[in-house]
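Please read the structure below before turning to the comments.
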Amino acid sequence: MNIDSELFGNFAFHAGLLAVKTLCMTGLTIRMRFKKKNPISREDAALRKAEKIGIGQDDDVERIRRAHQNDIENVFPFLTLGFVYLFTNPSIITAKLLFRIFSAARLIHTVVYVNEGSVPTRMAAFFTGIGINMYLGGSILNHFIKAW
Amino acid sequence: MNIDSELFGNFAFHAGLLAVKTLCMTGLTIRMRFKKKNPISREDAALRKAEKIGIGQDDDVERIRRAHQNDIENVFPFLTLGFVYLFTNPSIITAKLLFRIFSAARLIHTVVYVNEGSVPTRMAAFFTGIGINMYLGGSILNHFIKAW
Amino acid sequence: MNIDSELFGNFAFHAGLLAVKTLCMTGLTIRMRFKKKNPISREDAALRKAEKIGIGQDDDVERIRRAHQNDIENVFPFLTLGFVYLFTNPSIITAKLLFRIFSAARLIHTVVYVNEGSVPTRMAAFFTGIGINMYLGGSILNHFIKAW
(Lines give C-alpha, C1' and ligand atoms only; values in the text may rest on other atoms or scores of the structure.)
Protein backbone atom coordinates (compact mmCIF):
# COMPACT_ATOMS: atom_id res chain seq x y z
CA MET A 1 0.00 0.00 0.00
CA ASN A 2 2.89 2.36 -0.55
CA ILE A 3 2.60 5.19 -3.02
CA ASP A 4 5.30 6.99 -4.93
CA SER A 5 6.20 10.28 -3.23
CA GLU A 6 6.57 12.13 -6.55
CA LEU A 7 3.10 10.96 -7.55
CA PHE A 8 1.64 11.94 -4.18
CA GLY A 9 3.28 15.36 -4.55
CA ASN A 10 1.68 15.79 -7.95
CA PHE A 11 -1.75 14.91 -6.57
CA ALA A 12 -1.18 17.18 -3.55
CA PHE A 13 -0.32 20.12 -5.82
CA HIS A 14 -3.42 19.70 -7.99
CA ALA A 15 -5.70 19.04 -5.00
CA GLY A 16 -4.40 22.25 -3.38
CA LEU A 17 -4.77 24.19 -6.63
CA LEU A 18 -8.32 23.02 -7.26
CA ALA A 19 -9.47 23.57 -3.66
CA VAL A 20 -8.04 27.10 -3.67
CA LYS A 21 -9.57 27.75 -7.10
CA THR A 22 -12.99 26.64 -5.79
CA LEU A 23 -12.64 28.82 -2.66
CA CYS A 24 -11.91 31.81 -4.90
CA MET A 25 -15.43 31.52 -6.36
CA THR A 26 -16.68 32.82 -2.99
CA GLY A 27 -14.62 35.98 -3.47
CA LEU A 28 -16.04 36.50 -6.96
CA THR A 29 -19.56 36.05 -5.61
CA ILE A 30 -19.04 38.54 -2.78
CA ARG A 31 -17.59 41.13 -5.18
CA MET A 32 -20.51 40.72 -7.60
CA ARG A 33 -23.04 40.88 -4.74
CA PHE A 34 -21.59 44.27 -3.71
CA LYS A 35 -21.48 45.53 -7.29
CA LYS A 36 -25.06 44.52 -8.02
CA LYS A 37 -26.29 45.44 -4.48
CA ASN A 38 -27.67 41.94 -4.02
CA PRO A 39 -26.80 40.65 -0.52
CA ILE A 40 -27.86 37.11 0.34
CA SER A 41 -29.46 37.75 3.76
CA ARG A 42 -31.67 40.54 5.01
CA GLU A 43 -29.32 41.38 7.91
CA ASP A 44 -26.67 42.28 5.28
CA ALA A 45 -28.99 44.75 3.56
CA ALA A 46 -27.96 47.83 5.57
CA LEU A 47 -24.28 47.13 4.99
CA ARG A 48 -24.52 46.92 1.24
CA LYS A 49 -27.26 49.44 0.33
CA ALA A 50 -29.22 46.52 -1.02
CA GLU A 51 -31.61 46.82 -3.91
CA LYS A 52 -32.60 43.16 -3.95
CA ILE A 53 -32.05 40.47 -1.33
CA GLY A 54 -31.45 36.75 -1.65
CA ILE A 55 -30.89 34.12 -4.29
CA GLY A 56 -32.08 34.16 -7.90
CA GLN A 57 -32.36 37.96 -7.99
CA ASP A 58 -29.49 38.92 -10.28
CA ASP A 59 -28.23 36.85 -13.21
CA ASP A 60 -24.62 38.05 -12.91
CA VAL A 61 -24.50 36.86 -9.31
CA GLU A 62 -26.26 33.62 -10.20
CA ARG A 63 -23.80 32.95 -13.04
CA ILE A 64 -20.88 32.90 -10.58
CA ARG A 65 -22.88 30.75 -8.18
CA ARG A 66 -23.60 28.28 -11.00
CA ALA A 67 -19.87 28.08 -11.82
CA HIS A 68 -19.17 27.55 -8.09
CA GLN A 69 -21.82 24.81 -7.84
CA ASN A 70 -20.29 23.15 -10.89
CA ASP A 71 -16.95 23.06 -9.02
CA ILE A 72 -18.63 21.57 -5.95
CA GLU A 73 -20.16 18.84 -8.12
CA ASN A 74 -16.93 18.04 -10.01
CA VAL A 75 -13.87 19.21 -8.06
CA PHE A 76 -14.93 17.79 -4.67
CA PRO A 77 -15.37 14.20 -5.96
CA PHE A 78 -11.97 14.55 -7.67
CA LEU A 79 -10.31 15.34 -4.33
CA THR A 80 -11.25 11.84 -3.14
CA LEU A 81 -11.09 9.99 -6.47
CA GLY A 82 -7.61 11.38 -7.25
CA PHE A 83 -6.32 10.37 -3.82
CA VAL A 84 -7.73 6.82 -3.87
CA TYR A 85 -6.52 6.41 -7.47
CA LEU A 86 -2.94 6.77 -6.15
CA PHE A 87 -3.38 3.35 -4.50
CA THR A 88 -4.30 1.55 -7.74
CA ASN A 89 -0.66 1.32 -8.90
CA PRO A 90 -1.19 3.73 -11.79
CA SER A 91 1.55 4.67 -14.23
CA ILE A 92 3.07 7.91 -12.93
CA ILE A 93 3.05 9.43 -16.41
CA THR A 94 -0.64 8.66 -16.92
CA ALA A 95 -1.63 9.89 -13.46
CA LYS A 96 0.25 13.18 -13.77
CA LEU A 97 -1.25 13.75 -17.20
CA LEU A 98 -4.78 13.13 -15.90
CA PHE A 99 -4.32 15.47 -12.92
CA ARG A 100 -2.84 18.24 -15.07
CA ILE A 101 -5.57 18.00 -17.71
CA PHE A 102 -8.26 17.95 -15.01
CA SER A 103 -6.90 21.14 -13.41
CA ALA A 104 -6.63 22.87 -16.78
CA ALA A 105 -10.14 21.80 -17.79
CA ARG A 106 -11.68 23.11 -14.57
CA LEU A 107 -9.84 26.44 -14.84
CA ILE A 108 -10.99 26.83 -18.45
CA HIS A 109 -14.55 25.89 -17.48
CA THR A 110 -14.72 28.63 -14.85
CA VAL A 111 -13.17 31.36 -17.02
CA VAL A 112 -15.53 30.58 -19.91
CA TYR A 113 -18.63 30.24 -17.73
CA VAL A 114 -18.10 33.38 -15.66
CA ASN A 115 -17.42 35.46 -18.78
CA GLU A 116 -20.39 33.96 -20.68
CA GLY A 117 -17.96 32.61 -23.27
CA SER A 118 -18.30 29.97 -25.98
CA VAL A 119 -20.74 27.19 -25.05
CA PRO A 120 -18.88 24.43 -26.98
CA THR A 121 -15.63 25.35 -25.18
CA ARG A 122 -17.38 25.23 -21.81
CA MET A 123 -18.97 21.89 -22.73
CA ALA A 124 -15.59 20.48 -23.82
CA ALA A 125 -13.96 21.59 -20.54
CA PHE A 126 -16.88 20.22 -18.54
CA PHE A 127 -16.89 16.80 -20.23
CA THR A 128 -13.09 16.55 -19.98
CA GLY A 129 -13.46 16.93 -16.22
CA ILE A 130 -16.34 14.44 -16.02
CA GLY A 131 -14.44 12.00 -18.25
CA ILE A 132 -11.33 12.07 -16.08
CA ASN A 133 -13.37 11.68 -12.89
CA MET A 134 -15.17 8.70 -14.46
CA TYR A 135 -11.85 7.17 -15.55
CA LEU A 136 -10.44 7.55 -12.02
CA GLY A 137 -13.63 6.07 -10.56
CA GLY A 138 -13.63 3.18 -13.04
CA SER A 139 -9.96 2.42 -12.30
CA ILE A 140 -10.71 2.39 -8.57
CA LEU A 141 -13.74 0.11 -8.94
CA ASN A 142 -11.79 -2.22 -11.20
CA HIS A 143 -8.77 -2.37 -8.87
CA PHE A 144 -10.69 -2.85 -5.64
CA ILE A 145 -13.66 -4.90 -6.88
CA LYS A 146 -12.54 -8.00 -4.97
CA ALA A 147 -12.63 -6.09 -1.69
CA TRP A 148 -16.23 -4.95 -2.17
CA MET B 1 -1.09 4.18 12.19
CA ASN B 2 -1.22 1.23 9.81
CA ILE B 3 -4.49 0.13 8.32
CA ASP B 4 -5.50 -3.26 7.02
CA SER B 5 -5.16 -3.40 3.23
CA GLU B 6 -8.36 -5.43 2.82
CA LEU B 7 -10.24 -2.81 4.84
CA PHE B 8 -8.71 0.03 2.84
CA GLY B 9 -9.69 -1.78 -0.35
CA ASN B 10 -13.26 -2.06 0.86
CA PHE B 11 -13.41 1.67 1.66
CA ALA B 12 -11.76 2.48 -1.68
CA PHE B 13 -14.38 0.47 -3.56
CA HIS B 14 -17.32 2.15 -1.83
CA ALA B 15 -15.75 5.62 -2.06
CA GLY B 16 -15.28 5.08 -5.80
CA LEU B 17 -18.79 3.72 -6.21
CA LEU B 18 -20.43 6.59 -4.32
CA ALA B 19 -18.39 9.29 -6.06
CA VAL B 20 -19.25 7.83 -9.49
CA LYS B 21 -22.90 7.47 -8.46
CA THR B 22 -22.98 11.16 -7.44
CA LEU B 23 -21.30 12.23 -10.70
CA CYS B 24 -23.99 10.33 -12.62
CA MET B 25 -26.61 12.73 -11.23
CA THR B 26 -25.13 15.37 -13.53
CA GLY B 27 -25.90 13.15 -16.53
CA LEU B 28 -29.50 12.67 -15.38
CA THR B 29 -29.88 16.43 -14.94
CA ILE B 30 -28.49 17.19 -18.41
CA ARG B 31 -30.80 14.62 -20.02
CA MET B 32 -33.86 16.02 -18.22
CA ARG B 33 -32.86 19.62 -19.08
CA PHE B 34 -32.84 18.64 -22.78
CA LYS B 35 -36.10 16.73 -22.52
CA LYS B 36 -37.88 19.60 -20.73
CA LYS B 37 -36.09 22.31 -22.78
CA ASN B 38 -34.86 23.96 -19.59
CA PRO B 39 -31.19 24.97 -19.95
CA ILE B 40 -29.49 26.50 -16.92
CA SER B 41 -27.83 29.52 -18.61
CA ARG B 42 -29.07 31.90 -21.29
CA GLU B 43 -26.10 31.18 -23.59
CA ASP B 44 -27.30 27.55 -23.76
CA ALA B 45 -30.76 28.60 -24.93
CA ALA B 46 -30.04 28.50 -28.70
CA LEU B 47 -28.49 25.06 -28.44
CA ARG B 48 -31.43 23.49 -26.69
CA LYS B 49 -34.47 25.26 -28.17
CA ALA B 50 -35.19 26.49 -24.68
CA GLU B 51 -38.67 27.16 -23.41
CA LYS B 52 -37.58 28.22 -19.92
CA ILE B 53 -34.14 29.17 -18.62
CA GLY B 54 -32.53 28.71 -15.22
CA ILE B 55 -33.22 27.08 -11.91
CA GLY B 56 -36.59 26.38 -10.30
CA GLN B 57 -38.42 26.36 -13.65
CA ASP B 58 -39.30 22.69 -14.04
CA ASP B 59 -40.11 20.29 -11.23
CA ASP B 60 -38.74 17.20 -13.01
CA VAL B 61 -35.36 18.92 -13.41
CA GLU B 62 -35.49 20.21 -9.82
CA ARG B 63 -36.28 16.73 -8.50
CA ILE B 64 -33.00 15.36 -9.89
CA ARG B 65 -31.14 18.40 -8.59
CA ARG B 66 -32.60 17.81 -5.11
CA ALA B 67 -31.43 14.17 -5.22
CA HIS B 68 -27.99 15.39 -6.35
CA GLN B 69 -27.84 17.98 -3.55
CA ASN B 70 -28.80 15.28 -1.06
CA ASP B 71 -25.78 13.27 -2.26
CA ILE B 72 -23.53 16.30 -1.88
CA GLU B 73 -24.75 16.75 1.69
CA ASN B 74 -24.39 13.08 2.66
CA VAL B 75 -21.97 11.26 0.34
CA PHE B 76 -19.21 13.91 0.42
CA PRO B 77 -18.87 13.89 4.25
CA PHE B 78 -18.80 10.08 4.08
CA LEU B 79 -15.77 10.19 1.76
CA THR B 80 -13.78 11.79 4.58
CA LEU B 81 -15.51 10.14 7.57
CA GLY B 82 -15.11 6.67 6.06
CA PHE B 83 -11.42 7.25 5.39
CA VAL B 84 -10.58 8.66 8.84
CA TYR B 85 -12.65 5.89 10.46
CA LEU B 86 -10.13 3.38 9.02
CA PHE B 87 -7.60 4.75 11.52
CA THR B 88 -9.77 4.11 14.58
CA ASN B 89 -8.91 0.38 14.65
CA PRO B 90 -12.43 -0.71 13.75
CA SER B 91 -13.47 -4.32 13.43
CA ILE B 92 -13.13 -5.21 9.74
CA ILE B 93 -16.51 -6.97 9.76
CA THR B 94 -18.26 -3.94 11.26
CA ALA B 95 -16.55 -1.48 8.92
CA LYS B 96 -17.34 -3.46 5.77
CA LEU B 97 -20.94 -3.85 6.87
CA LEU B 98 -21.29 -0.10 7.49
CA PHE B 99 -19.76 0.80 4.11
CA ARG B 100 -21.93 -1.69 2.23
CA ILE B 101 -25.14 -0.58 3.93
CA PHE B 102 -24.26 3.09 3.33
CA SER B 103 -23.75 2.48 -0.40
CA ALA B 104 -26.98 0.51 -0.66
CA ALA B 105 -28.94 3.16 1.28
CA ARG B 106 -27.69 5.98 -0.93
CA LEU B 107 -28.48 4.04 -4.14
CA ILE B 108 -31.99 3.28 -2.85
CA HIS B 109 -32.46 6.92 -1.82
CA THR B 110 -31.69 8.16 -5.33
CA VAL B 111 -33.82 5.60 -7.16
CA VAL B 112 -36.81 6.31 -4.93
CA TYR B 113 -36.39 10.10 -4.98
CA VAL B 114 -35.88 10.45 -8.75
CA ASN B 115 -38.90 8.23 -9.47
CA GLU B 116 -41.10 9.98 -6.88
CA GLY B 117 -41.42 6.70 -5.02
CA SER B 118 -42.55 5.84 -1.50
CA VAL B 119 -41.77 8.58 1.03
CA PRO B 120 -41.23 6.19 3.99
CA THR B 121 -38.74 4.16 1.92
CA ARG B 122 -36.86 7.32 0.95
CA MET B 123 -36.87 8.46 4.60
CA ALA B 124 -35.56 5.08 5.77
CA ALA B 125 -32.75 5.17 3.19
CA PHE B 126 -31.94 8.77 4.10
CA PHE B 127 -31.80 8.16 7.86
CA THR B 128 -29.76 4.98 7.37
CA GLY B 129 -27.14 7.11 5.58
CA ILE B 130 -27.26 9.85 8.21
CA GLY B 131 -27.09 7.26 11.00
CA ILE B 132 -23.99 5.58 9.57
CA ASN B 133 -22.27 8.93 8.97
CA MET B 134 -23.04 9.92 12.58
CA TYR B 135 -21.72 6.59 13.85
CA LEU B 136 -18.49 7.04 11.87
CA GLY B 137 -18.17 10.63 13.14
CA GLY B 138 -18.88 9.60 16.73
CA SER B 139 -16.30 6.79 16.54
CA ILE B 140 -13.71 9.24 15.20
CA LEU B 141 -14.41 11.86 17.89
CA ASN B 142 -14.28 9.20 20.58
CA HIS B 143 -11.02 7.68 19.29
CA PHE B 144 -9.17 10.95 18.75
CA ILE B 145 -10.63 13.06 21.58
CA LYS B 146 -7.30 13.20 23.42
CA ALA B 147 -5.62 14.75 20.39
CA TRP B 148 -8.16 17.60 20.14
CA MET C 1 6.10 10.77 3.72
CA ASN C 2 5.44 9.90 7.33
CA ILE C 3 3.24 12.09 9.45
CA ASP C 4 3.22 12.55 13.19
CA SER C 5 0.48 10.45 14.79
CA GLU C 6 -0.42 13.16 17.31
CA LEU C 7 -0.83 15.63 14.44
CA PHE C 8 -2.90 13.16 12.44
CA GLY C 9 -5.08 12.58 15.50
CA ASN C 10 -5.64 16.31 15.83
CA PHE C 11 -6.67 16.59 12.19
CA ALA C 12 -8.88 13.49 12.52
CA PHE C 13 -10.67 14.98 15.53
CA HIS C 14 -11.39 18.29 13.78
CA ALA C 15 -12.35 16.60 10.48
CA GLY C 16 -14.81 14.41 12.39
CA LEU C 17 -16.15 17.38 14.35
CA LEU C 18 -16.66 19.54 11.27
CA ALA C 19 -18.24 16.75 9.21
CA VAL C 20 -20.68 15.94 12.04
CA LYS C 21 -21.40 19.65 12.52
CA THR C 22 -22.21 19.99 8.80
CA LEU C 23 -24.44 16.89 8.87
CA CYS C 24 -26.36 18.42 11.78
CA MET C 25 -27.50 21.25 9.49
CA THR C 26 -29.75 18.69 7.79
CA GLY C 27 -31.47 18.04 11.11
CA LEU C 28 -32.04 21.77 11.67
CA THR C 29 -33.48 22.10 8.16
CA ILE C 30 -35.86 19.16 8.64
CA ARG C 31 -37.08 20.56 11.97
CA MET C 32 -37.67 24.00 10.46
CA ARG C 33 -39.43 22.51 7.42
CA PHE C 34 -41.88 20.77 9.78
CA LYS C 35 -42.37 23.86 11.92
CA LYS C 36 -43.01 26.12 8.92
CA LYS C 37 -44.95 23.39 7.01
CA ASN C 38 -42.61 23.77 4.05
CA PRO C 39 -41.63 20.33 2.69
CA ILE C 40 -39.15 20.19 -0.17
CA SER C 41 -41.01 17.76 -2.49
CA ARG C 42 -44.68 17.41 -3.36
CA GLU C 43 -44.80 13.74 -2.27
CA ASP C 44 -43.92 14.93 1.27
CA ALA C 45 -46.88 17.32 1.35
CA ALA C 46 -49.43 14.87 2.81
CA LEU C 47 -47.04 13.86 5.57
CA ARG C 48 -46.37 17.36 6.78
CA LYS C 49 -49.66 19.20 6.23
CA ALA C 50 -47.81 21.44 3.85
CA GLU C 51 -48.70 25.06 3.31
CA LYS C 52 -45.95 25.74 0.76
CA ILE C 53 -43.77 23.29 -1.15
CA GLY C 54 -40.18 23.55 -2.37
CA ILE C 55 -37.20 25.84 -2.11
CA GLY C 56 -37.19 29.60 -1.59
CA GLN C 57 -40.64 29.59 0.07
CA ASP C 58 -39.78 30.39 3.67
CA ASP C 59 -36.92 32.59 4.84
CA ASP C 60 -36.37 30.71 8.12
CA VAL C 61 -35.86 27.48 6.19
CA GLU C 62 -33.68 29.24 3.60
CA ARG C 63 -31.51 30.77 6.33
CA ILE C 64 -30.53 27.32 7.60
CA ARG C 65 -29.95 26.13 4.04
CA ARG C 66 -27.66 29.12 3.41
CA ALA C 67 -25.64 28.28 6.54
CA HIS C 68 -25.47 24.66 5.35
CA GLN C 69 -24.34 25.73 1.86
CA ASN C 70 -21.67 27.91 3.47
CA ASP C 71 -20.38 24.81 5.28
CA ILE C 72 -20.34 22.84 2.02
CA GLU C 73 -18.31 25.60 0.38
CA ASN C 74 -15.82 25.98 3.26
CA VAL C 75 -15.74 22.85 5.43
CA PHE C 76 -15.55 20.33 2.57
CA PRO C 77 -12.40 21.88 1.00
CA PHE C 78 -10.87 21.96 4.50
CA LEU C 79 -11.33 18.18 4.85
CA THR C 80 -8.90 17.72 1.94
CA LEU C 81 -6.67 20.77 2.50
CA GLY C 82 -6.16 19.90 6.19
CA PHE C 83 -5.24 16.31 5.35
CA VAL C 84 -2.78 17.17 2.55
CA TYR C 85 -1.28 19.92 4.74
CA LEU C 86 -0.16 17.18 7.17
CA PHE C 87 2.35 16.09 4.51
CA THR C 88 4.02 19.51 4.23
CA ASN C 89 6.07 19.00 7.42
CA PRO C 90 4.20 21.69 9.32
CA SER C 91 5.02 22.67 12.89
CA ILE C 92 2.69 20.67 15.11
CA ILE C 93 1.89 23.71 17.23
CA THR C 94 0.96 25.79 14.17
CA ALA C 95 -1.12 23.03 12.62
CA LYS C 96 -3.09 22.31 15.79
CA LEU C 97 -3.72 26.02 16.28
CA LEU C 98 -5.00 26.39 12.71
CA PHE C 99 -7.31 23.37 13.00
CA ARG C 100 -8.71 24.51 16.35
CA ILE C 101 -9.34 28.07 15.17
CA PHE C 102 -10.95 26.79 11.97
CA SER C 103 -13.37 24.57 13.93
CA ALA C 104 -14.22 27.40 16.32
CA ALA C 105 -14.73 29.88 13.48
CA ARG C 106 -17.10 27.56 11.61
CA LEU C 107 -19.12 26.82 14.77
CA ILE C 108 -19.40 30.54 15.51
CA HIS C 109 -20.38 31.25 11.89
CA THR C 110 -23.27 28.80 12.05
CA VAL C 111 -24.59 29.92 15.43
CA VAL C 112 -24.52 33.58 14.39
CA TYR C 113 -26.01 32.96 10.92
CA VAL C 114 -28.85 30.69 12.03
CA ASN C 115 -29.84 33.10 14.81
CA GLU C 116 -29.58 36.16 12.53
CA GLY C 117 -26.89 37.55 14.80
CA SER C 118 -24.29 40.28 14.36
CA VAL C 119 -23.15 40.64 10.75
CA PRO C 120 -19.57 41.73 11.63
CA THR C 121 -19.17 38.69 13.89
CA ARG C 122 -20.40 36.40 11.12
CA MET C 123 -18.07 38.09 8.64
CA ALA C 124 -15.10 37.73 11.01
CA ALA C 125 -15.86 34.02 11.51
CA PHE C 126 -16.32 33.53 7.77
CA PHE C 127 -13.08 35.26 6.79
CA THR C 128 -11.16 33.43 9.52
CA GLY C 129 -12.26 30.16 7.91
CA ILE C 130 -11.44 31.36 4.39
CA GLY C 131 -8.08 32.72 5.58
CA ILE C 132 -7.06 29.42 7.18
CA ASN C 133 -8.17 27.43 4.13
CA MET C 134 -6.13 29.78 1.91
CA TYR C 135 -3.10 29.45 4.20
CA LEU C 136 -3.35 25.65 4.07
CA GLY C 137 -3.75 25.76 0.28
CA GLY C 138 -0.84 28.18 -0.13
CA SER C 139 1.40 26.00 2.07
CA ILE C 140 0.49 22.94 -0.02
CA LEU C 141 1.15 24.70 -3.34
CA ASN C 142 4.44 26.04 -2.04
CA HIS C 143 5.57 22.67 -0.67
CA PHE C 144 4.60 20.60 -3.71
CA ILE C 145 5.23 23.11 -6.51
CA LYS C 146 8.14 21.11 -7.92
CA ALA C 147 5.89 18.06 -8.38
CA TRP C 148 3.31 19.98 -10.43
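A, B and C label the chains in the order they appear, each numbered from 1.
Criterion: contacts are C-beta pairs under 8 Å (C-beta built on N, C-alpha and C of every residue); 3 or more make two chains touch, one makes a residue touch a chain.
On a predicted model such as this, the values are computed, not experimentally measured, just so you know.
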item: Overall pattern in which the protein chains touch one another (line/ring/star/complete/other); value: complete
item: Fraction-based call for subunit C against subunit B, same above half, different below; value: different
item: Fitted rotation between subunit A and its twin subunit B in degrees, CA, nearest 5; value: 120
item: Centre-of-Cα separation between subunit C and subunit B, whole angstrom; value: 17
item: Residues of subunit B touching at least two other chains; value: 56, 72, 76, 80
item: Contact set on subunit B toward subunit A in their complex; value: 3, 5-6, 8-10, 12-17, 19-20, 22-23, 25-26, 40-44, 47, 54-56, 68, 72, 76, 79-80, 83, 100
item: For the subunit A and subunit B complex, residues of the former touching the latter; value: 1, 56, 59, 62-63, 66, 72-74, 76-77, 80-81, 84, 87, 113, 116, 119, 130, 133-134, 136-138, 140-141, 143-148
